[in-house]
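One chain, chain A, appears in both complexes that follow, with chain B as partner in the first and chain C in the second.
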Partner chain A sequence: MKKGFVFIETLLVLAILAFGLVNLCSMYIKISSDINIKKYYDNVSDLYKVDVIRSLLTNKNVTGDMSSFNSANCTTYMGSNCTTLLSDMSASNVYLINDVETVMTSQNENIKNSMREYLKTINEAQTHKTIIVEFNYNNRAYYASLYI
Partner chain B sequence: MNKKGFTLIEIAISIGLLSVVMIFMFRLLINLRDSENNISDETEKILTKTTVSKVLNGYVKSGGGISSASCTTNKCDIVLKDNSNMELSLSGSILTYKDTDSDTLLLKKSLIKTDTYTLELINHNNLHIIKIVNSNNPEYNIEIVNYDRSE
Partner chain C sequence: MNKKGFISMAVVYTFLILFLLLITSLLSMYSFRNDIIGGQEDSVKDELNEEYNL
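Showing the complex of A and B:
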């Protein structure tokens, strides 16, 4: 004699359906947020700017895992007009990196979270010395990088 | 007593629960459809920005770089290193790039129709940056970047 068994079946079906819908929703939210994030990485104009900065480097040595400079202290790495050049390009920081994976997993507090997120999009399969430039415009950080 | 079928209360509760789930599901589907439209629009805008930037920077690079440039808010006259004279102009949201010597149209692209665009030039210390500025959404600005390395 079955009493209330079908009721439990209905509840189970509803629970499974709701679980599936929640998973679908969370996947879609992740995809749409990824699209938003990719807007700020490796824009064509920014890549051309990185190419200019890369061509003007006079010192490509990396101290430790990462060296960085900005418009205030760039003369060690670039020519004498680097301050104006980096300001005109809205380049807030320039990073020279030996190995992306090491920097990404580093405990160095100077590495911003936004930088770590960008590093995840760079190919780690090969070890290349890399120049990464952080641009700051439209009240946001944009990143672009090239191999040295 | 043989018990076949559902009790009335079981059916009522099942229908009630199903209704609640269906309401949430329809709301989710409507939100997903709106999100999908927004993502399509966003992707289209990003693709336009990327394509135009790639093409214009490519043309400038293949011309050897910018020798000199002068801009108003809707027109830039550019002289490239290979002595070709180019014109970048904005008519509303229509961007055109042409070789004025041969009057050849190299690029004609419709940018975001609902936005306002202007041209700006940064020109010093051998650096030329021509900006196609989207006043409504600056994240869709397009830049032509050139550095004169000849000195």
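Showing the complex of A and C:
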């Protein structure tokens, strides 16, 4: 009689423990991925930097699905002081995009994996032209984007 | 009557419950902070996008 009770008690405790730990684990995974998204994407300071870069754009034409430039070849899209500006802002790449979803699904090899991960977090339904800036702090890629 | 088993198991379960409570409260705190920061970023982004959002 008592052995049967101990067995059922053990089973019950194990079931409750397993349920609780699985819940905690899934909660932890979701929260940690959310924290990573918030940490590397669309930081407030980066958004204001993107706003400055956007206001200095002289050429908003996008060739194909996406145009990109960096501090070395930015004079076509921005003024002559763009090299210093982008370097000072730690902006390693600037992308001008017509449609986020098209770029995300394209097989373009120039699009980095980190960029694709960022694109997944942007609202896919939007059809605005978008400027995405990749910042590089401590060898980590940070992304921020605004409409153009 | 031998009560040693009962006491030790009570201690083990108490620590387990405390651990689960601690982890849950930590995670909910992180989640809460995350929501606050996310809300700020979204409002800044919306504000900056306002004039371009036709």
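Keep in mind that, in the parts below, the second predicted complex is superposed on the first by the 119 of 148 C-alpha atoms of A that agree within 3 Å, B and C clash if a C-alpha of one lies under 4 Å from a C-alpha of the other, contacts with A are read in each partner's own complex, and residues count from 1 in each chain.
One rule holds in what follows: contacts are C-beta pairs under 8 Å (C-beta built on N, C-alpha and C of every residue); 3 or more make two chains touch, one makes a residue touch a chain.
In this text, all values refer to a predicted model and were calculated from it rather than measured experimentally.
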| item | value |
| --- | --- |
| A:Ser55 touches, of chain B and chain C: first, second, both or neither? | first |
| Per-residue contact with chain A, leading partner among chain C and chain B | B |
| Touched partner set for A:Met27, first chain B, second chain C, both or neither | second |
| Touching partner for A:Asn43 - first (chain B), second (chain C), both, neither | both |
| First (chain B), second (chain C), both or neither touched by A:Asn138 | first |
| Which of chain B and chain C A:Leu85 touches, first, second, both or neither | first |
| Chain B versus chain C as contact partner of A:His128, first or second or both or neither | second |
| First, second, both or neither for A:Tyr147, with chain B first and chain C second | second |
| First (chain B), second (chain C), both or neither touched by A:Phe19 | neither |
| Footprint overlap on chain A, comparing chain B with chain C | 17, 28, 31, 35, 43-44, 48 |
| Residues of chain B that touch chain A when the two form their complex | 3, 6, 10, 13-14, 17-18, 21, 24-25, 28, 32, 35, 38-39, 42-43, 46, 49-50, 53-54, 57, 122, 124-125, 127, 129, 138-139, 141-145, 147, 149 |
| Residue ranges of chain A in contact with chain B within the complex | 1-4, 6-7, 10-11, 14, 17-18, 21, 25, 28, 31-32, 35-36, 39, 43-45, 48-49, 52, 55-56, 81, 84-85, 88-89, 137-138, 140 |
| Interface residues, chain C side, partner chain A - complex | 16, 20, 23-24, 27, 30-31, 34, 37-38, 40-41, 44-45, 48-49, 52-53 |
| Residues of chain A that touch chain C when the two form their complex | 17, 20, 24, 27-28, 31, 34-35, 38, 42-44, 47-48, 50-51, 128, 146-148 |
